[in-house]
Amino acid sequence: MTLDLLLVAALLWTAVQSLATPNLFRGVVLFIVFGLFMALVWVRLHAADIALAEAAIGAGLTGALLLNGVGHLRAKQQSTLP
Amino acid sequence: MILRAILWRGVLLAALWCLLTEGRVDSWGLGVASAVLALAASLILLPPGSIRFSLAGLAVFLVYFINQSLRAGVRVALLALRPRLNIHPGIEPVSLRMPVGVGRVILVNTLNLLPGTLVVDLAANHLYLHTLDIGGSIEEEVRVAELRIAKMLGLDLDDEP
Amino acid sequence: MSIPELLSASFLLIGAAFFLVGTIGLLRFPDVYTRLHALTKVDNLGLGFTVLGLVIQAPDALAALKLVLVWLLALLASATGNFLIIRRAFDKGIAPWMAQERENDP
Amino acid sequence: MTDLGMVLEVFLFINLLVALLKVTRGPTHADRMLAALLFGTTGVALLLLLAHTEGEPALVDIALALAVLAVIAGAAFAQRAWRGKWEGNEHS
């Protein structure tokens, strides 16, 4: 019970923060963390298969792709700005 | 030689699949396919013949490794819990006798888990280590770790630097 | 409580304690390099003790071996990932924190 | 015995929340990323405990996936997202 309440609070907080932050990188890392919390929520809902997909795709692959995207954006910014 | 390597690695990978599925038999089709792919990858990335793996060496290494990582954890834990943070960190170069290849990869990963050392960079024939207490006996620890890993893999260390 | 259960419970508690210390280290240590010491060493030990505690209660040998496999993979994974990050930090020229700086500048 | 497991689960989760502070505070990008990787290790332990207390062995597989995929995120960070020279301030 305690775990579930903490989990929901953390999930909502990371979701809002990752969308609201002006810092792109911070948003991406918070998104990865959000993926982990989401996987834990699925576990608590007894949906182990969805949790597995969320852990693999949300926390792992999407995180890597978004980090890659941040890298590209930064390289582009540095080449256009003086 | 190559057949022997294929056989050994195949058996290992099949055992790994068995472990992952906890002995179920209904998924062996997928298991065989992934084991063959993994075998191909391992033959390309680590061609057979470069190392002579020794089981006795592995046992010695494991005991050493577990012992050392316990020491590492307790030591860092004590440092973190001290009321006044009393650490003297710094980066030191240490020469390296391990030849390029798997041995080095294992050495770096081991040193990262040993007490007080963290590899920050790897050059042609030395390592840069970050330590929590500069001026300790880091060089000796690296020597010991090198020796254990070389024994396990049947590698010859380069001459004294 | 039987002896294996007691043993398992104490391993689990030790594991949790190591995790706590790892988090404390993460918050207290002064720079990236020292924080990484806390992460790689203490946390892996915490996971190791947790696994040990659960292995004692595992239903069969295969399940127990699988738990150990998880620990080994996590060990390898964190050692590799941390090495990549720390090498990049060194590459970028982030200077390590020195004890003297603190004495000059309280 | 499962009671202890549940208490430890809450305890580990609170640990995660404290590490979350480091993710949001920084100061450097590496600090955020390392805290996220710490999430990985603690998350693995949490999942293993949950597998035990809820009696669902499938959760061990999730722990395995999490442990392995954390490296991919770490590697993507080191190789792609965090390049260029250190300027002392990363607009954190």
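Chains here go by letter, A, B, C and D, matching the order in which they are written, and residues are numbered from 1 within each.
Keep in mind that, in the parts below, contacts are C-beta pairs under 8 Å (C-beta built on N, C-alpha and C of every residue); 3 or more make two chains touch, one makes a residue touch a chain.
No experiment lies behind these values; they were computed from the predicted model shown.
Enquirer: For chain A and chain C, what is the smallest step count along a path of chains that touch one another?
Expert: 2
Enquirer: Hey, which chain ends up farthest from chain C, C-alpha centres compared?
Expert: Comparing chain centres, A lies farthest from chain C.
Enquirer: Centroid of chain B to centroid of chain C, CA atoms only: how many Å?
Expert: Averaging C-alpha atoms per chain gives centres 17 Å apart.
Enquirer: Cα centroid separation between chain A and chain B, in whole Å?
Expert: Here the centre of chain B sits 31 Å away from the centre of chain A.
Enquirer: Could you tell me the distance, in whole angstrom, between the mean C-alpha positions of chain B and chain D?
Expert: 23
Enquirer: Round to the nearest whole Å and give the separation of the Cα centres of chain A and chain D.
Expert: Using C-alpha averages as centres, the distance is 11 Å.
Enquirer: Where in chain D do residues touch two or more of the other chains?
Expert: 33, 35, 40, 57, 61, 64, 68, 70, 75, 77, 82-84
Enquirer: So which stretches of chain B touch two or more other chains?
Expert: 20, 22
Enquirer: Could you tell me which residues belong to chain A and also touch two or more other chains?
Expert: Counting only residues that touch two or more other chains, chain A contributes none.
Enquirer: Please name which positions on chain D make contact with chain C in the complex.
Expert: Its residues touching chain C are 1, 4-5, 8, 11-12, 15, 18-19, 21-22, 28, 30-31, 33-35, 37-38, 40-42, 44-45, 48-49, 52, 57, 60, 63-64, 67-68, 70-71, 74-75, 77-79, 82-86.
Enquirer: In the complex formed with chain B, which residues of chain C make contact?
Expert: 18, 21-22, 24-25, 28-31, 33-34, 36-38, 40-42, 44-46, 48, 62-63, 65-66, 69, 75-76, 79-80, 82-83, 86-87, 89-91, 96-99
Enquirer: Applying the document's contact rule, which stretches of chain A touch chain D when the two form their complex?
Expert: 2-3, 6-7, 10, 14, 17, 23, 25-26, 28-30, 32-33, 36, 39-40, 43, 46, 48-49, 51-52, 55-56, 59-61, 63-65, 67-68, 70-72, 74-75, 78
Enquirer: Please give the residue numbers of chain B that touch chain C in the complex, ascending.
Expert: Residue positions touching the partner: 16, 18-20, 22-23, 69-70, 72-77, 79-81, 85, 87-91, 108-109, 112-113, 115-116, 118-122, 128, 130, 132.
Enquirer: Quick one: in the complex, what on chain D touches chain A?
Expert: Residues 6, 9-10, 13-14, 16-17, 20, 23-24, 26, 29, 32-33, 35-36, 39-40, 43, 46-47, 50, 54, 56, 58-59, 61-62, 65-66, 68-70, 72-73, 75-77, 80-84, 90-92.
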